[in-house]
Amino acid sequence: MTTTEPRIIPMGLALNEAMDIAMGLDEKVFLLGEDIAEPSGGVYKITKGLSTKYGTHRVRKTPISEAAIIGAAVGAAIAGYKPVAEIMIMDFIAVCLDQITNHAAKIRYMSGGQTTVPMVIRTSAGAGRQFGAQHSEMLEAWAVHTPGLKVVVPSNPADAKGLLISSIFDPDPVLFVEPMLMYWDPQYACDVPVGDNRIPLGKANIVREGKDVTVISYGKQVHDAVKAADILAGEGVSVEVIDLRTLVPLDEATVLASVSKTKRAVVVHEAVTRCGFGAELSSRIHEELFGTLAAPVARVGGQNTPVPYAKNLETAFVPQVADIVAAIKSLNK
Amino acid sequence: MTTTEPRIIPMGLALNEAMDIAMGLDEKVFLLGEDIAEPSGGVYKITKGLSTKYGTHRVRKTPISEAAIIGAAVGAAIAGYKPVAEIMIMDFIAVCLDQITNHAAKIRYMSGGQTTVPMVIRTSAGAGRQFGAQHSEMLEAWAVHTPGLKVVVPSNPADAKGLLISSIFDPDPVLFVEPMLMYWDPQYACDVPVGDNRIPLGKANIVREGKDVTVISYGKQVHDAVKAADILAGEGVSVEVIDLRTLVPLDEATVLASVSKTKRAVVVHEAVTRCGFGAELSSRIHEELFGTLAAPVARVGGQNTPVPYAKNLETAFVPQVADIVAAIKSLNK
Amino acid sequence: MATTNRPDSPDRETLVQMYEIQSKIKTTDERFRSMLTSGQIQLIYYSPRGQECISAGYAVHLRPDDYVVTIYRGLHDHLAKGVPMRELWAEFLGRSTGTCKGKGGPMHITHPDSGLVVTTGIVGSGIPIANGFGLAAQLSGTDQVTVVNFGDGASNIGAFHEGMNMAAVWKLPVVFVCQNNLYGEHTPMSMSTGVEYISERAAAYGMPGVTVNGNDPVAMWHAAGEAIARARAGEGPTLIEARTYRFYGHLMGDAMEYMPKEERKAAMAADPVPAFRAWLLENGHATEAQLAEIEDKIVAMVDDAVEFAMNSPEPSLDELYTDVYEEITK
Amino acid sequence: MATTNRPDSPDRETLVQMYEIQSKIKTTDERFRSMLTSGQIQLIYYSPRGQECISAGYAVHLRPDDYVVTIYRGLHDHLAKGVPMRELWAEFLGRSTGTCKGKGGPMHITHPDSGLVVTTGIVGSGIPIANGFGLAAQLSGTDQVTVVNFGDGASNIGAFHEGMNMAAVWKLPVVFVCQNNLYGEHTPMSMSTGVEYISERAAAYGMPGVTVNGNDPVAMWHAAGEAIARARAGEGPTLIEARTYRFYGHLMGDAMEYMPKEERKAAMAADPVPAFRAWLLENGHATEAQLAEIEDKIVAMVDDAVEFAMNSPEPSLDELYTDVYEEITK
């Protein structure tokens, strides 16, 4: 295969490649997490093959001890390693948040810059598989509220790969949120360049240009935003779709330039709306562009409820394409 | 002393009274936390005397095991008790967040309403005593982002008492955030009614009426807002100050009525600004009152940094009266 | 099947009752798996096959007002504690008639009427919560006992440690049942755990700890009986490590490459449920007709529950917003 | 002072070095307390007085490139590991010349050049982090050792359990030093802890555990030496419980009503630092002149550090925004 031909792979494989490349480039990179070594290569198989290639000292199965996992990563990072810790499902960060927020995030600051914590916490997240209230949440807002953490949420395999390599070599702790439903679903597969194609943190992607409304999203919801844009294109509404890719650092310039042009914005995410990242972004847009907007920034997010189990309720919890379409239309009144 | 004479007491005592009253009223109320029993009555002496009065079975000293503290409260609450758990300092909720967010908050929902978790988590919070990055944070935004939790932050002794009694008898889990600096500082003491004077959750307090700008705050910053209003009154600007008292449930009606009148709003809190509660409130105000505002809602919050130790830096981290004044003035341009 | 030959052994009625529970679990599990395999239903499913004797062994000592806390792999505990079959199936299938109106799902089965008070999906988190039930009983002066179930993997998480210590210090009437099936997800216990026997950890809290063959119903009955009696008498908590095996890996669809084939084969060959059945017959504790009747009744019960659940409606969409708080709150 | 009379005892030089460390801690602590009492300085202060021998006993075995992790009550560990006096004082006083530019403060002293890599204010949280240092050494194939210090109270928190187990399973070169001063804040250990000796908990991880008189420098030296040698040789972690006493309660200003007066009086009467001094002289390990010279040097060093710190400027306000990330980030 030559690199010019498209190479359509799912996000799970792209993430695997990213870790493979990083481990090949730098022996200080190592992985730790529950079940990540062979023969299973992780419950979602994201680390498949890596322990065979790099050894179980660098692809480390751990006890079910999330605080110990993150703590070990913090210490090793200070000592010069670049650990990539896996927390299987995002809701579980609640059992180890102290290590993430009080330690990984604050140590550079508390030491006056003497000790740094270059590590990545990979975690899978999102509803849609009827995993219930304790296995379905998107909790990126907690991390965005925690100075010292960077926060990345890729929306497609190519970005996932490029952003993960950048995150691993970033000098600061990164919470890397992987939309669980996208791992192996071929509908989300895309062309992923071979090799070390990094995507810088803090650079949003204008997925689709438009002139009437800007929809700002990240993760899986970017696809729904594009679908909404498709629907509305048929009705003569031109929708610009921005994929933030990283929430911290935030590419505010790209967002503001777009909204300055369209004068209308919708922020879409799956996380609970109340105090979600949409609130932050909506506030900033209003602060910066007040008086130039044609409508208030709309937020389309998860319902302000735990994630329910029954399929119909779960679907109603998660923002749908129709909700995005409705929100956009409400701004055009 | 008759109840008509003012009875000026500090917040620490008012909280003690609230627990005393609740325990006297209902034997299902009990307290648990580190060091809360006699002879010390807690590191901040908030539970002073209560173990002597009610016994150490109802005022329970615990091991340093925050997850076990909250877990025990969750189980006892389901079994019909009304536990009041103390987490000494708010940053420590990171070690037990799983019990708070995945359990206390979600159990009513996950059980379809069969099991309920009427409990209170009291915690002290805030910077200003040079306790450094791990003992100074306000983290209420995490809880506001967690459906199932109620969130209360009192700004004065009378409210603290009235709100705490209501919280204890509330049917749902309440995170009750006590601004540490206000416990015993006489400048924050006020007249506190004797007896069971409850203040309902979800009812904001218009601390000061005004017509030009609405400042919305909670906790200790309410006092700074009033000081800012005093300063600006001298310059002919009439500031309305709203003390939210509870963030969940939120008294949106009072906020919107006020801002509809003043057309200008500033949200003030000590927590980190990024993804803080101010973002939620700012977004909601813009969503509801778009086109009628004279200026964008301003946010005055903690800096987007960990809390530094050095006095001058710590002071610069925390929003000050001058910052509120400046924010208000910026809206009047 | 090796059972201890102690004089204070369970009577016939108890033995048959234990078999009935085991059989109910096994039959229900088999139905779930066959319906999943055939595609009739779709859900995340953690089979408890192989672990039946543990739940049966403690459950027969419990009163309806005793509490049980369990985990995502909890079907055996749910059934043993008496969660009704129809509502259980309906909850697994996300129906409005489920124990939790379809809102909790299999990982969060709750049925206070039968004392099944918490099912949690976070490893180890039920342990501190169980203490709360124990504390409530202690404060109320009732002699209710709480049994909390968890896996071998859970014994490595912080909540286990904090919960065990608090229970010991407060002498809570809680029985900690570690269902040691030798694996936590895809990781064998030996790769994750510093001790050979989880029960050794009890000493770190000054708590009695015992390891028992979890596939031996009578041995489990003895261990549970002693621990429950201790708790009921106010003498404090006990850790029981019940050694067993998961026949079907971590969850439905698990390729099980990490489980040595021979090991699994041997475990399944020693399937404790038919072994107990044979032992009951051999020792004259039950007749073939009696057991067949029980089994038929269970099959009918499962048939009925499946039909009930399949014909039940989904929850209404309003249910999304209820039960977040007592009142619907913005 | 009772010391074991073993043949492999520390040599004269080591004994004097231990005394020097103890004396440095004691003198520094006394200066802090007197300046706090007189109101010259104001800060939250956790006195390590009484616990000097523990830090001295392990520190003399360590190389500069070995790692130490400690807690808010860490002054003794900081000094023992060689954090320079001036920068230490300046950090306590929140000055720009402090180890952390005044941004961390006493609870977060960090000085990688001396191997003092983490000081944390969250009970128990240093334990899992120490494993990370141990893992780094193990992966790099160096023979660096990590010593992590924590209190008796910390042995009840989840992080202790998770960290101990992981260290044992991975055979990390980490020495866990539980400085058991019998209290966690205002709560005596017996009211919060299921075991009498914290070292008993080591067995729950298959790790060696030992209790030592933390006020006996030679006994502590032996225990630490063995554990550090084991770790350095790649033989895995050890838990050392060093029994001691906090002379001044939890923090400055503590009314100490919860500490029996007689108990405290007896502990202070047995003050290990003068006791060790007397023992050194009695046994001819040092001369009065030699020790007096050391003490004078320390007083001068503290005088100098205090002056340095008091005359140092506060950090500049820009420092608020630096070190959040490598680059200033919105």
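The chains carry the letters A, B, C and D, assigned in the order they are written, with residues numbered from 1 in each.
Convention: a residue touches a chain if its C-beta (ideal position, glycine included) is under 8 Å from a C-beta of that chain, and two chains touch if they have at least 3 such contacts.
These numbers were taken from a predicted model, which means no experiment stands behind them.
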item	value
Between the pairs B-D and A-D, the one where more C-beta pairs touch	A-D
Most remote chain, CA-based centroid, reference being subunit C	D
Centre-of-Cα separation between subunit C and subunit A, whole angstrom	36
Inter-chain centre distance, subunit A versus subunit D - centres from mean C-alpha coordinates, in Å	41
Rounded Å distance between subunit A and subunit B, as computed from the means of their C-alpha atoms	31
Multi-chain contact sites of subunit C, meaning residues that touch two or more partners	100, 102-105, 108, 120, 122, 125, 156-159, 162, 165, 169, 191-193, 319, 324, 330
Subunit A, residues touching no fewer than two other chains	62-63, 65-67, 91-92, 94-95, 98, 102, 109-110, 132-134, 147-148, 248, 303-306, 308
Residue ranges of subunit B in contact with subunit C within the complex	30, 57-58, 60, 62-63, 65-68, 70-81, 83, 98-99, 102-103, 107-116, 147-148, 150, 171-172, 202, 248-250, 252
Touching residues on subunit D, where the partner in the complex is subunit C	156-162, 164-165, 168-169, 191-196, 200-201, 203-207
Complex contacts: residues of subunit C adjacent to subunit A	43-44, 94-96, 100, 102-108, 120-125, 153-154, 156-159, 184-187, 191-193, 250, 255, 257-258, 314-315, 317, 319-321, 324, 330
Contact set on subunit D toward subunit A in their complex	67, 69, 98-105, 108, 110-112, 117-118, 120, 122, 125, 127-137, 139, 146, 158-159, 162-163, 165-166, 169-170, 322-326, 329-330
In the complex, subunit A residues that touch subunit B	91-92, 94-95, 97-98, 100-102, 105-106, 109-110, 132-134, 139, 141-142, 144-148, 248, 271-272, 274-280, 282-283, 286-287, 290, 293, 295-299, 303-306, 308
